[in-house]
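Chain naming follows the written order as A, B, C and D, and within any one chain the residues start at number 1.
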């Protein structure tokens, strides 16, 4: 236990501590301009005063960590909701995180379905492999943000609004790693086992279900993890320009119009926390599934 | 209606052609011909559908109009390309990936630093860093510098994770071998760690390519001089010049795919020895 | 003159695993010494201590009269690992040239040397191939050529032929003997195989596990000129049976 | 107590909305996020004016990358709020939109400059860096600059144009000498940011004679011919104007309604109250019908800026048919 702390936790903590220190230090020069602007002309400002002012501005260029923590707590607590009466939930970060999370998951599921079916087509059909694969790569070099508003408009023309267009944009970003990983995975079953299946004259479906799919799992999970993170990026990006009414991306945008930097950072931190929770819980799922299928997990002790 | 029907017929015909080509042509030729025909099929089908269903130019312009725009407005497109891709994205890409490589070198000497950076880097690489775009514009101004800055912050961590893993990708025998030769740290880096890291480095560069494009264009949505691909896309949507919007998107796709292809060629020539590249 | 000496050598790994305990051994110049024993008996560990890849926790080792670290710094030995350990991005020539380049030898002399050692292991003509284009046996020969490249008088070989089939192995054993006779190097050779140990060595060190220690040192009376048929001679069989008995006794 | 009343009325309104199945559906696309700039529509919805007119109205908020004409063309909305230069530009491009009502009489657009940049009149603008909104909002600016004889490609005899994000940071960061502001929104961000009114000099587009018509209501020309649609539209315009007049006189209640409808939960009461006050100044003097003189002035301003937006005076770009019916 102690060894684990020293080997794994201590280095991470040290680097986080270093980042926080640098952050506080950087806030002083970055916010000093506004301190001087607000002060009377030619006023001399002593360093301690400068530091305390730059760490406590209302609209700083770089808010310091404790300002952000306070803001996150303020926006995420339930007492805030009650104080704001019935529209209070709309002011809660938890609500908006949920909005973003729901379209992330929706988009991820769409991406998973698209990614897995494309990779099946690619693995089992040479024409699909040759035709589609290069365009799958090209699709990722099209900046999604550029077409996000158009996707929303085109889908609105087809009568689809709300979660659907956001989900499609998330899907667009998340299907790619899944196609790549799954294709690689489906092609990774050992030739000797393929031959073994052949000796038993297994059907194509049996070979797929009993051999190829399980062999693809160790590839699929890391790919899904990347896809999940990409789906979150997609959800945020889709909320940014699209006139979405709620969600972390929409709030980020509106706060940025109003130069409300502290709430902006609070939103960014929530998005980061959301990403962290998603990735960690997915990691746990991965371990559980791999255990069950008898694959070795990356972190398992070998001896 | 005729046009819609012919779109389906065309689709079926060209798909059948592709099936035949995939069987008949040599591997080398099929790899080029089949995807090109597939792409052309898509374009033609969209063209016919847009015409056949009378889709408004505001929703989706005809592909032919986009191509015409590509040629008539090439000067403007080139200026936007230079501003966004060459200045913003490429500078950020080089700085971000270069810095990540440098930090990875440092981390490869210190086990402590590596243990600290790797989990953090993995975590940050999963974050929607693109949300920093408005903040970068606030900090670094409206010029290409802020676009480069967001690209740096988007590329740094994915690249770092790849480089750190890559520089640790040597096996025990290789390290022992260099120890028995009493090789200096610089020799070990140059002759062992760096070559062994190349597949990872190139993978990082590939991952960062679309990120750089997205970052540079997104940042322009939050403020820019009156030139740049993101600026043009945004303002052209406003003035309903959708053909110009799509022309910019085509330029971005060509630039991205071209760069990606270049990386594939470099990968092939530098890491020909890696199991994934052997043919 | 002793090339390798060990006195009261011990090595305990973290977690209280005694890999070596009280090992005393002296190896003279020009000897071919085999180390044989069940897994966990410390034969590989002993070789790694000599090569300064592990630090002993007790006792002393001298290699060519120096400490292992000094010997390593002077590049006093060549080491052949269990696997070929060839760098996949270098050609066979490039791999063999690697230690010479590290030692700062100029390209022309290095090239001549590379050509001559490749000839020695019968790989001339394969210099431009990449390791992964060669069979396992050829890869292992390339790795021996690499260990020979800088002409150290001491050669440390850790089960170099362990993963090869018997036909290839016989052939490589034969080549190795020729090489040893023609170069007069001192060889420390770790193996699992009794016939291999008896066929190659002038001296066989039988080791036993938990803790790793020397059970018996057997001198091999076979003449230095050994055709493959020697393995059917009664002399050969009696040495082999000595080794087998020593191994059995060491097991408890 | 008051909040309880509002809550109760909202509950009633939502009940009314769910029970009235026979209501005609109607969708309006705004051109920006939910704020007091669109108070009339939200008030009309929440106070039940639309219900009373037999309409089930959906209000779609906009955003920086939402082009309302595009939504309209795609069938995502029946009517849009848009500025006239942008709407005329869409018309010129081949999307025939028609102004059916004009709740905003005057323009709220201005250029706000720092006095310490050495600007005291329009003569001092040469060589300066100005922040301008694009996305259709740049046309009156271009027109103004060309009337002043200033190029917009930089240089000493022209001005350098920045695509201003939708906040006023550039004036604080020293990236721009002047920024575009609306009387009801960004100007107050500049004040809140720490620059006092006497540190600033403000050029109102109205005063410079280059004002163009802002928030108007536009529909597709083809739809107008449809009697059924025209009927719904008439009812919509009438109820919306009722909403606007209610909002002008009941500012506090209107602000509460805006806050209720702000799904992003980012609007503050103080900001919206101030905005509502400024918006009321712009809507004052309009009964909803477009004043043809204002239209002609807008067209003249745009034409003075060259033929970038429109090549000539548009024909049939507005109609009084709806407002005549709605306001009788």
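Keep this in mind: a residue touches a chain if its C-beta (ideal position, glycine included) is under 8 Å from a C-beta of that chain, and two chains touch if they have at least 3 such contacts.
Only a predicted model underlies this, so the values are computations on that prediction, with no experimental measurement involved.
Minimum number of contact steps separating chain B from chain D: 1.
With respect to chain C, maximal separation of chain centres occurs for D (centres as means of Cα atoms). Chain D has its Cα centroid 86 Å from the Cα centroid of chain C. Note on chain placement: the centre of chain A and the centre of chain D lie 35 Å apart, centres being C-alpha means.
Computed from the mean C-alpha positions, the centre of chain A lies at a distance of 19 Å from the centre of chain B. Note: centroid distance chain A to chain C, computed from Cα atoms, is 53 Å.
Within chain A, contacts with two or more other chains are made by residues 149, 153-154, 157, 241, 253, 256, 259.
Among the residues of chain B, those touching two or more other chains are numbered 59, 134, 138, 221-222, 237.
Of all residues in chain C, none touches 2 or more other chains. Chain pairs that touch, as defined above: A-B, A-D, B-C, B-D.
Across the interface of their complex, chain D is touched by residues 56-59, 134, 137-138, 141-142, 220-226, 231, 234-235, 237-241 of chain B. Against chain A, the residues of chain B that register as touching in their complex are 15, 18-19, 22-23, 30-31, 34-35, 37-39, 42, 59-60, 112-117, 119-120, 123, 125-128, 130-132, 134-135, 138-139, 209-210, 213-214, 217-218, 221-222, 229-230, 233, 237, 242, 245, 248-249, 252-253, 255-257, 259-260.
Those residues of chain C that touch chain B in the complex are listed here as 48, 51-53, 72-75, 77-79, 81-83, 85, 87-89, 98-99, 101-103, 130, 132. If you check the complex, the residues on chain A that touch chain D are 34, 37-38, 59, 85-87, 89-92, 95-96, 148-149, 152-154, 156-157, 161, 241-246, 250-251, 253-260, 263. On the chain B side of its complex with chain C, the touching residues are 171, 173-174, 176-183, 187, 191-192, 195-196, 198, 271-275, 278.
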